[in-house]
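Could you have a look at this structure, given as structure tokens, before my questions?
Going in written order, the chains are labelled A, B, C and D, and every chain counts its residues from 1.
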Amino acid sequence: MTKPFAIIAGVGPGTGASIARRFAKAYSVVLLARNPASFEPVVNEINTSGGQALGISTDLSDSTSVRAAFDKISKQYAGLALAAAVFNPGGGFVRKPFLELTEEEFTQGYESQGKGGYLFAKGTLPLLLEAKGLPHPPTLIFTGATASLKGSANFSSFASGKFALRALAQSLAREFGPQGVHVSHVIIDGVIDIPRTKAWKFEHEDAKLDPEAIAESYWHLHTQPRTTFGFELDLRPYVEKW
Amino acid sequence: MTKPFAIIAGVGPGTGASIARRFAKAYSVVLLARNPASFEPVVNEINTSGGQALGISTDLSDSTSVRAAFDKISKQYAGLALAAAVFNPGGGFVRKPFLELTEEEFTQGYESQGKGGYLFAKGTLPLLLEAKGLPHPPTLIFTGATASLKGSANFSSFASGKFALRALAQSLAREFGPQGVHVSHVIIDGVIDIPRTKAWKFEHEDAKLDPEAIAESYWHLHTQPRTTFGFELDLRPYVEKW
Amino acid sequence: MTKPFAIIAGVGPGTGASIARRFAKAYSVVLLARNPASFEPVVNEINTSGGQALGISTDLSDSTSVRAAFDKISKQYAGLALAAAVFNPGGGFVRKPFLELTEEEFTQGYESQGKGGYLFAKGTLPLLLEAKGLPHPPTLIFTGATASLKGSANFSSFASGKFALRALAQSLAREFGPQGVHVSHVIIDGVIDIPRTKAWKFEHEDAKLDPEAIAESYWHLHTQPRTTFGFELDLRPYVEKW
Amino acid sequence: MTKPFAIIAGVGPGTGASIARRFAKAYSVVLLARNPASFEPVVNEINTSGGQALGISTDLSDSTSVRAAFDKISKQYAGLALAAAVFNPGGGFVRKPFLELTEEEFTQGYESQGKGGYLFAKGTLPLLLEAKGLPHPPTLIFTGATASLKGSANFSSFASGKFALRALAQSLAREFGPQGVHVSHVIIDGVIDIPRTKAWKFEHEDAKLDPEAIAESYWHLHTQPRTTFGFELDLRPYVEKW
């Protein structure tokens, strides 16, 4: 590995992959996901098309697994700067009437989004603080959702996780912004156009968010100078109700 | 026990005690706190002044402990209606630079406020749904804080817990409101005038929230008819910056 | 007139009338509305049932008219304290596709709610600041709506007026709270059960806000001590979608 | 004029000029400001460096003046598509204790920001709806401020204007998004580095927002496809307290 790098946590065939591809145009990229099948196609695609990518199987809500991933990263990228880190796991989504939710189901929103965000920030911030000589300020971006702003009926698990993640993002932006690290939170409000949602039909065309367009916005946030940090951006299809 | 009852979770010498006293004017009250020393003075005070109070030592973030408390309540209050439930634990407050936070410290904000809120709602909602023939709609009130709306630097643990609790409150209000249960969230924005803060000095007099006034607002919310449910109310001293 | 007084601006047969009746239990009340037919029945009802009420025909968005009303009030209530003031006009509601809105239609949301709020605050705050020896802090309450928080399609006129009013309320709360005046903003989210909406049918019973219950919440806010001022409270029927 | 065009309303030597320069890389640009001295240097700069720019003296809060400007635009750009429109006037800023505000001072926040926004939207939306064959969806961006979200003490005039403008932006986004027009609202939270603020000293370097970086973010929003419209983005210097 010879370039500054970026870490993308939560990479499946959708947004994470698009973010990885976008950041791979400038950086070596590390892709984290529990299941290697989730990141392998993208890792191969990037490596065979002139980029640098490394996939590490990681359970983002497990501190031992996350620590092992960052140990590996420290070795592989020794001496290189971490330019950007994106937290984008889709986990923790449960939709159920409240009285049917088990404790484990309720807490999995937080395990994935809140604690997962903590572990990822704990691993990346020391590296981001050390990063020097980069064209853009080191950046940490968290992916939010509709449920980051609204606790809907039957969404108590996921919303409490996404609210917790937003609190974390705000707190980190206020603590680490003045230290030169750009912390952002992007609210994805709508269905993303990924393999899993391919068959979902909508009344209008183009009614699903395009992962590549999402990735462009993440990249734009990353390129902002420290005079002009964006914190929160909400993205939705033109026909979305909100 | 002969009257409809209310359950107050998180009772120390401050807000919880004042809420218990206020609701004890109308109901038998159950006080939950980990340490019996926290609720015993209030329980005695209520019982010796013509009210009915029962204290149960409970770890509100532990499902076994919470279940045991509700088993006890079910026996003691068999056949009686649960009129109101208030979730008010002060736990999970940690204020620390992010990189010094251990995982246990970070998650304790959520353990106390998010998971604790879940366990309390899980125990009380079935009883609230069954409550009939009461003068006011059955009510579940959660206590929020400044950190429910803003993730300040060094507050990532507590803010993520309080954000999660607010998400839960919103979700439950939307699910159970239409079933007749009044769910509310009160944001306490400032220092409360309790024994622990007695010595804290402020530039102006009356600069601390009065627990009895807070309790009056909780009672007011409880008395609202189902045509006119208040969801969120923010309370602060007249001189508070916000 | 022999008692401290309250001024209710925007009194028709609904919320304003209920607020007037509620505050008339404790105070002499002044009712402002453009059309005397709007306040006369309530004025008579209060005066014939042991209370004190005075109606003044006022165009709340016209400074000359508002000034004349306050001149009259100053004479009638010379030496008496203004205990509370409530701004509750329903004017400025326009619902139209944006491109069909005339300039006059667009600005009427602001004329009624924004400028009207300014004129009312300008008239009442000097009196509220002078009020002494009252059982509760002098209070200024503004009535908001769903459109105070959300600019929906076709609501640009009304929402811009209600947003402006909320900005005013926040600004006044921050400036006059420390001077002992309690400024609040109540968000009415739903249809109110008034003569005009009597025939509107809903799927569920009790689906409309009860003006008397709204008035009880205004009264509750008024009675809060300065240690514990509530700023914002949202009220809606139990079945309302939000 | 031979290219699709953009209209920038509120052009002085700061943000407006930078936005005009940025959009002039792709489009012919029309610059609106009351005083020709405000736009002439930028118009000349763009025209002498290979771009196309036209300045029109316009009082953005006066319907007659705005109509005259759009009549002129219709003639000059007949047959050409309006690609983007940006509403960025700085007017209406008043900071004063409330009781010292005259009615004219209070309403000038709204006149500039609320009514001005209405008039600009009324002029641009019909053109944006007609725009066809452009590389990016036609876009209408409004400039907000800290006061768009918070009514601080002494800011009632400006905040009520900026709140009103945000309500308008939300309403238009919801009405015209589904018709393919991208409506956005950018919150500028901090001091912008412009000639007027050059001498303002801050504890840290880079403590002022860079107008060119702001312009890049406006351009980024403009380039988003309709699958992925950003509505609101908040921008602030890395050391800003918020």
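In the analysis below, a residue touches a chain if its C-beta (ideal position, glycine included) is under 8 Å from a C-beta of that chain, and two chains touch if they have at least 3 such contacts.
All of these numbers come straight from a predicted model, not from anything done at the bench.
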{"item": "C-alpha-based rotation, chain C on chain D, 0 to 180 degrees, nearest 5", "value": "180"}
{"item": "Most distant chain from chain C by Cα centroid", "value": "A"}
{"item": "Intercentroid distance (Cα basis), chain B paired with chain A, Å", "value": "34"}
{"item": "Centre-to-centre distance between chain D and chain B (centres being mean Cα positions), rounded to whole Å", "value": "46"}
{"item": "Multi-chain contact residues (two or more partners), chain B", "value": "174"}
{"item": "Overall pattern in which the protein chains touch one another (line/ring/star/complete/other)", "value": "ring"}
{"item": "Interfacial residue positions of chain D with respect to chain A in the complex", "value": "137, 174, 177-178, 180, 182, 193, 204, 206-210, 213-214, 216-217, 220, 223-240, 242"}
{"item": "List of chain D residues in touch with chain C within their complex", "value": "63, 97-99, 101, 103, 106-107, 110, 114-115, 118-119, 121-122, 125-126, 147, 150-156, 159-172, 174-176"}
